[in-house]
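Structures are listed in the sections that come next.
The same subunit A turns up in both complexes below, where it pairs with subunit B and then with subunit C.
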Partner chain A sequence: MSASSSQALEYLVLLPVQTHRKLYEQPSTVLAIFRCMLPHLAKSIVMAILYMPTAFASADLDTWFRPSAKKEKQQALYVLEQLHIIVLKQDAARQTSYELYKGFALSLRQALEGSGTHRSFGVPASKPDPHKVNIAFLDEYAKRQWENILFYMVGTTVGLGSAVGQDVGEGTKRLLQAGDFVRMQHGRLGITRTGFTFVLQDTNAQVWSLLIEYLKHVSELGMSETDVLSFLFMLGSLELGQDYSTATLSPTQLQMLEDLTAFGVVYRSSKSSSTFYPTRLAVTLTSDSGALTTSSDNLSALCRPGVGQAPTNQGFIIIETNYRLYAYTNSLLQIAVLSLFTRLTTRFPNLVSGKLTKESITRAVRTGISSAQIISYLTSHAHPQMQKNTPFLPPTVMDQIRLWEYEGERVETTNGYLMREFSSEAEYRDLLGYAEALGVLVWRNDAKRMFFIDQIEQIQSYLKKKAQR
Partner chain B sequence: MVKAVRGRTDPFMCGLQLLTNRAGTLVKCDASIKAMLVDIDSKNNNEFIIEELDEEHLLVKETKIAQLKARLQTMIKERLKNPEEDSGSD
Partner chain C sequence: MNAIDATDRHIQKDEGPPPSLLAIVLDTNPHAWAHLSSTLPLSTALANILIFINAHLASGNGNEVAVIASHSHKACFLYPPPTPPTPQARHGTPNGDIEMNGVADTKLNGIPDNPNKYRPFATVETAILNNFAKLLDSTKVEHLSATPTTLIGGALSLALSYIAKSTLLHSPVDPSTHEDPLRALADSESTHAQRVPLTSRILIVSVSGDLANQYIPVMNSIFAAQRKRIPIDILKLAGDTVLLQQASDATGGVYMKPERPEGLLQYLMMAFLPDATARRSFVMPSAGGVDFRAACFCHRKVVDIGYVCSVCLSIFCTPSLPNNLCLTCGSYLSLRSATTNPPALIPRKKKKRRRAGGTDSATPAGTPAGSGTPMHA
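Coming up: the complex of A and B.
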């Protein structure tokens, strides 16, 4: 499970059970969820149960795990239960057993066996396209569209002129504002904390963030959420460079094609065209990082917006121990990103130079960017010469960035719930152990018998189950 | 009996025992900062802090945390006037 798809997973678990059931009617959706949303252990459990004729007794499942792996097992099962993939049943003799949700099992089998007539994996165009486009063109197109969006967000903030954002559609602009990636402040557009995080993510995660925002608003546009999700998952299973027919798409999905074209996720030669091409942004939606290595050269160029002319030369930033920064780039987008946390002073045709100062870093921290984000951006874009050092960045610089941030942020906060007033030590130990296993425990105080958790839903359902016993 | 407490409290049954949990924001900071937070709280009718948990932890009302942080910033600025202006000139 990659970092980017975990956002999608977070969104998915919040959907109601009806939506899950409808989603699971599409084999492509089921396969995509199975392939890239589920943790490895959950996958193994699903695979093991998939072809079992009867329900699987939970006592038997327990025997598969070492006692020490109880935490992992609980986490995997919890994800499966949240997604309504697995159903816990209790028979008359109070024996519990697990079963896959029927629709999910059926669709997954169809996807694996290639059986059924569902056509959910897209229908390739029957006639060859006279204006067929190649993969390089699609990459170029996707990159241009996506960079325009990013540049629109960053460029307006740092005041790179009014020409910014002309190529970005009105719909996309509204979406970015609705998602609070950018906000109107004092009559001009500024990037927000969310937007900052967004820009520094890798491209795949960015695409998901934007699409999830899109999903939140589809119902207002009269589109069906399930349709939109199925379509996204289908896109993930398509082949790059192949044109697909629009004939099998629902009205919602046709409407969606237009928006996705604006994002650069799909390409259409014209609005009335009867075919569409998925771009690399689309086909990597639901694949693990392993699937990307085949085209790593193109992809890394895509991940690092702006270095189109030299895809092999990914790093471009040099930082000296005196906080001076040199960036070999002429991309406005990269310059804009850098200027969010650097005091840039000089610009040459292929180089900008500046300095990391306390003022520039604290300004960035105030806008919501964290020192960790700055450091990870600088590290991942370090010049090949810098990459000969370990670590890539001078340690003094990294420490100083953290210290500057710490000066502004003196407290660490976590929202959540304080649990207390346990009747007995055993009660306390039991729930504490469960919370720890789930990974929701933030703070504990054994003497006062209380602890703090950042999520309560699982604990509540655990207590309910316990109370029923 | 459950103590009467400020803030949102959801008691729920767990076996025979009544267990309380309270929504809030856990604030982790060093002792000096904590002292300032407590100071701010006491000057404002205790409207921020629900409870002091230990040396380095406080439970604060979720809705008030942003305001509390802002007040802390101002207080730090006032108390720690440092003449050090950044050196952009080396």
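Coming up: the complex of A and C.
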């Protein structure tokens, strides 16, 4: 499970049971959820139960797991219960056993066997398209659309002129503001903390962030959330370079297609076209490999193919121990991102140079960019020469960036629940042990018999079950 | 295009389990399957295995599969399909995805467009079924009558070589060698530290017994797998061989001999699907009492007591070798004299006496002559 899909998971668990049940009617959705959302052990559990003729007794499950893996087991079961994939049953003899939710099991079997007539993996266009486009074109198209969005966010912030963002649709602009990625400040558009987090993510995670924001607003547009989600998961299981027919799509999904075209997730030759092509942004929604890399990686290499230099798609930034920074790039987007936290001084045709200063870092921190984000950006784009060192960046620079940030932060807050007033030590120990196993425990004080947790749902159900006994 | 779909980035790579490669060695011995046809026909078994492969591909985004048929007269790849020798055709097909180069495109046309099936699954299934049909078509009567068993040793070597190759090609190559994957292959040891490992395992679905005639090649494969830390899982549907039990035991794999082969899919899903990462949390079934007997090199029989060549450690069931020469290394072995003569007990006696005598006589005169001790007797 990667960082990008964990965002989608977080969104998914918050949905009500009814939505889950409805989602599980589509085999493509079920397969996508299984492939990218579930923790590794949860997958093993689901597969073990899938073709089991009877329910899986929880005692058997306990013996299947090693005693040392108790924590992992709890976490896997927790996710499965949250997504309503697994159901805990109690029979007359008070023996508990696990079962898969019927709809989920049926759909997953259909997905694995390729049976049924659900047509949820996309219907390829029957007629050959006269304007057939190739994969290189699709990549180019997706990259252009997506970079326009990124550049719209970053470019205006650093004042590269008001001309940027003209290619971005009004709907997309509204969505970015609604998601608090950018904010109007003093009549000027400025990037926010979430926005910067967004820019620094890899492309796949960016697409998910934007789509989740989109999902949060679909109900206002009168679209069904389930329809939208199923469509997104279906997109993830399509084949790059193949044209698909729009004939089987619902009205909601047709409307969505237009918005997704604006993001560069799908390509249509015209608005009335009866086919669509998924781009690399779409087909990698449910997998992490082969993601489209935007100019944050390799635009510089693409732009000057004639220059006899090794492609620098692994990175372009050099930092010296005296905080000087050299970036071999001519991409405006990259320069704009760098200028958020660097004092850039000179620009050459293929190189910009500048310095990381206390002033530039604290300014970035004030806009909501964290030191960890800056360091991870610099690390992931370090020049191959830098990558020969371990760690890639000079330790002095990394430490100083962190120290500059910490000057402004003295207190850290966690939202959660305080558990106290336990009637007995045993009860306290029991619940504390459970919370610790779940990994929700933040703080404890044995003398006062209190502890603090950041998630309560599972503790609640645990207490309820205990009260019933 | 190569620059656009740059796949791997250093960021966020540490999370999640590493991709896993599953090499399935399917024993397609017609004799053995004919025996099984009443309980588990080959077609049902193959359908179950295909679902199992899909489940494996779904379990991880980078997961790969290779299927090798171990037939009666040859061992061959079912998936990935044997391609004409273009250098990159076989490498890096995560999730069964087909590559967009010329070779793959021609093959693509053969796959029916099915909106009810996930495309990567369809690709793998079609390839396996086509190649399997081809293999059965090419099997002649004389092949069948020639041997009642299967070429498990060859299939295992194919699986191991494929795993070794994909481990090298799959993992991210460091930037200096990016343009030249062959160079990376050459000095794989030096760049090893930077790579994300591909965890691999082999699953042998075996139906034939009597594999002792391939003792040497199979044993060599087992040791190779052991060295590369590749677990060999065994699903023994019929017949029993000492050899495969040892394979799973030596490499830390799973050994199962289901009593009811009909429930094949459930056995596969529960015991064989978890990869190396998941196995750390599960109690995996293994062979209880492993039979460690070896097969002799001369008649391929499993022996209880054998004779071992002192030079090359070859095992023989009988001491009477032609010309008293070892069959493997050709060393002269006086096995006959060693077995006919009664065990030499006298030296031991001597030694005891001598020690006793040594302690008795404190005089230095007694020590220099070893010949002095018999005089006491």
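To be clear about the criterion, the second predicted complex is superposed on the first by the 444 of 469 C-alpha atoms of A that agree within 3 Å, B and C clash if a C-alpha of one lies under 4 Å from a C-alpha of the other, contacts with A are read in each partner's own complex, and residues count from 1 in each chain.
The definition used in the following text is that a residue touches a chain if its C-beta (ideal position, glycine included) is under 8 Å from a C-beta of that chain, and two chains touch if they have at least 3 such contacts.
These figures come from a predicted structure and were not determined experimentally.
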*Do subunit B and subunit C fit side by side on subunit A after the overlay, or clash?*
fit
*asked:* Under the stated touch criterion, which partner chain does A:Y417 make contact with: subunit B (first), subunit C (second), both, or neither?
replied: first
*asked:* Contacts for A:C36 in the overlay, against subunit B (first) and subunit C (second): which applies, first, second, both or neither?
replied: second
*Look at A:Q387 in the shared chain and tell me whether it touches subunit B only, subunit C only, both, or neither; answer first, second, both or neither.*
second
*Vertex at subunit A, arms to subunit B and subunit C: angle between C-alpha centres to the nearest 10°?*
120
_Contact-wise, after the overlay, does A:F452 reach subunit B, subunit C, both or neither (first, second, both, neither)?_
first
_After the superposition on A, what does A:T192 contact: first (subunit B), second (subunit C), both or neither?_
neither
*Could you let me know whether more residues of subunit A are touched by subunit B or by subunit C?*
C
*Could you say whether A:V123 touches subunit B, subunit C, both of them, or neither, answering first, second, both or neither?*
second
*Rounded to the nearest Å, state the minimum C-alpha distance from subunit B to subunit C in the superposed three-chain model.*
27
*Common interface positions of subunit A, toward subunit B and toward subunit C*: none
_Residue ranges of subunit C in contact with subunit A within the complex_ = 1, 3-12, 15-17, 51, 54-55, 58-62, 94-95, 97, 100, 113-119, 121-122, 125, 174-176, 178-179, 265-266, 269-270, 273-274, 277-278, 280-283
*Within their complex, state which residues of subunit A touch subunit C.*
1-4, 27-28, 31, 34-36, 40-41, 43-44, 47-48, 50-53, 63-66, 68-69, 72-73, 110-124, 135-136, 139-140, 143, 202, 205, 237-241, 248, 280, 286-293, 297-298, 301-302, 310-311, 313-314, 376, 379-380, 384, 387
*Of all residues in subunit A, those that touch subunit B in their complex*: 322, 343, 355, 357-359, 408, 410-424, 427, 442-443, 445, 448, 450, 452, 456, 460, 463, 466-467
*Okay, in this complex, where on subunit B does subunit A touch?*
2-3, 12-30, 33, 37, 51, 53-54, 57, 59-60, 62, 65, 69, 72-73, 76, 86, 88, 90
